[in-house]
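The structure follows.
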Amino acid sequence: MTRFPRIPAPLSKRASRIRILLMDVDGTMTDGSVTLLSQSDGTALEIKTFDAHDGQGLTLAHSAGLRTGCITGRESPALLRRAHEMKMEFIYMKQPLKMPAYEDILRKAEASDHEVAFIGDDLPDIPLLRRAGLAVAVGNAVPEVKAVAHYTTRALAGHGAVREAVELILRSKGIWEEMIDKARA
Amino acid sequence: MTRFPRIPAPLSKRASRIRILLMDVDGTMTDGSVTLLSQSDGTALEIKTFDAHDGQGLTLAHSAGLRTGCITGRESPALLRRAHEMKMEFIYMKQPLKMPAYEDILRKAEASDHEVAFIGDDLPDIPLLRRAGLAVAVGNAVPEVKAVAHYTTRALAGHGAVREAVELILRSKGIWEEMIDKARA
Amino acid sequence: MTRFPRIPAPLSKRASRIRILLMDVDGTMTDGSVTLLSQSDGTALEIKTFDAHDGQGLTLAHSAGLRTGCITGRESPALLRRAHEMKMEFIYMKQPLKMPAYEDILRKAEASDHEVAFIGDDLPDIPLLRRAGLAVAVGNAVPEVKAVAHYTTRALAGHGAVREAVELILRSKGIWEEMIDKARA
Amino acid sequence: MTRFPRIPAPLSKRASRIRILLMDVDGTMTDGSVTLLSQSDGTALEIKTFDAHDGQGLTLAHSAGLRTGCITGRESPALLRRAHEMKMEFIYMKQPLKMPAYEDILRKAEASDHEVAFIGDDLPDIPLLRRAGLAVAVGNAVPEVKAVAHYTTRALAGHGAVREAVELILRSKGIWEEMIDKARA
């Protein structure tokens, strides 16, 4: 009935330990579009496009007790609003280097690397993907990112990649069916 | 000349009874994109993208005497304007649980479940899909939704899925050709 | 070198007579998206997405002496700006029925049906497609529209369908290569 | 591990000499969408959508010492902001004819044609593509542009075409791996 592929035992073991789910924004929570609206005063405002299925996935993650967050080099009220809608706990914007933010989150959450999953798509995500207990590349990540990931989603970024990562984790914990039943109650 | 597939008799019987066509919004009337425009004051405005073919389909439904409506967890002036353009009668926004809205509509319309079609794509739509006389999943619904639907559209959400549901209903009532002739008069 | 398919003689004869190129807007000059931006006062503004290749095609048409225009049921400053950028001569907005606008254009241009091409995608375009000397359906038009068209573009609406129609006409007139040479001079 | 195709020796020779990377905007840095937002005063504002992977590519190009720029017929604060984010040195807007801008850049940079790469997609780019030492057509360029290009990207415009051109150049110079290592440090 459901199309999720069989999860190999070593991957399932990694995923079952995750307590914290972190992710990049552009090209991970979005499809990588960078959209700007020209203003008549010569400036431009940023538009961001997220995915409703990803949002439902993050709601499931939250209900399951996972703590979530995002780390990005850019900054926009659009992301801030979406992150709040998704009840994300850790929101780090304007981070050209992402490692300090990553380490700050681990400190605050009193977590170690093997309890953290990170989802990314491009070169600046690689150092974090190398440390995270579960490194997930979105389906359209660059080859260098896929090469260091434990799992590459079949879904593309901004079209369900985040939800697929959530499903991978909840299935590995053996609580996917239970969460689904709650969500559709 | 037309490519609509043959409709099995049990499905046709279900669809022929429909008087009220209800639907989810994000991922059903839209492609699931959640688009936000950053404002300089730190807030963000919501952008929604609907489909012109779906709009024409809802116009056909309306001409055929169907009553239409939408139930969604979100709220936006963009949806409100589109729903008014489509002459939708029932507009329920900010409904994290959709069942109370569904029951309210049935009460107002003095209709019973078997006279109602519902189109959806994700977990929160499942309780309604289980009650509606005709449960339609959009082509890119999650597997759990497709599993409870009587019909899954070939078209994707935001790209003709709503129109395909309208066509299914009007064909089952035997009035599709007549409505088309009127529309192109 | 170029991939345009061979044009059958009867089609070429039709296309070679065209002096006026008219078209629908939503689903023809755009991909059919109806995009609305919520405003904080509860209203919504319309966003329209056109195609740069189509624009270049309309510039070629204009250079070749064709007169161009659009007829649409909707109204927006976005369309108005684009139509002006494309130097369109006939701009008819808010036309739920399109025939009066069509006839008005023919009167102003002192043209007869066989000198007019019309490009469309949905039911309200059918009456005009039945009259126009060259009736063009975009690649993703509904089946009822394709059924009455003399030519269906391989390109999809909002992704080169208008340009393909221009190329069909200029090739049929035997002036495509000449116009290309001018454009890339 | 990486999927970049083998680069033929003559192409590699051309690409290895490039010091300046110039490009068209609509249909090259974007997917060719021309998006306009209606304003209540009857005017319209331009929205432009760029690609995060292209942005990362331009950052790599910049780190490798390449000088970059764009030449376009249109004008918008959206492009200006993105070009500044990408640290582009040469920004020429409102250039219906692109050759004067091209020649102005060569003069300022004290460069000759064989040191310049140009990426384009449509007819107005052809004169520059004929002069540039490395002429790159995006994957969805019109046939006339592909015909004069030394290389056509597998990626589509607005979806990695610019990054693929950067990778072609840095690989031909033998510094791709080194730049990647720096970027993911």
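In order of appearance the chains are A, B, C and D, and numbering begins at 1 in each one.
Here, a residue touches a chain if its C-beta (ideal position, glycine included) is under 8 Å from a C-beta of that chain, and two chains touch if they have at least 3 such contacts.
Everything quoted here is computed from the prediction, not taken from an experiment.
Although chain B and chain C share one sequence, what matters here is the overlap of their interface residues, and that overlap falls short of half of the numbers used.
Summary of the copy comparison: rotating chain A onto chain B for the best CA superposition needs 90 degrees, to the nearest 5.
Once the centre of each chain is set as its mean CA position, chain B and chain C turn out to be 30 Å apart. Centre to centre, using the average C-alpha position, chain A and chain C are separated by 42 Å. The residues of chain B that reach two or more other chains are 37, 43, 47, listed in rising order. Taken together, the touching pairs link the chains into one ring where each has two partners. By the touch criterion given at the top, residues 1-3, 37, 43, 45-53, 55-56, 60, 76-78, 80-82, 158-159, 180, 183-185 of chain B touch chain C in their complex. By the touch criterion stated above, chain D contacts chain C in their complex at residues 26-27, 30, 32-40, 42-44, 47, 121-124, 126-127, 142-144, 147.
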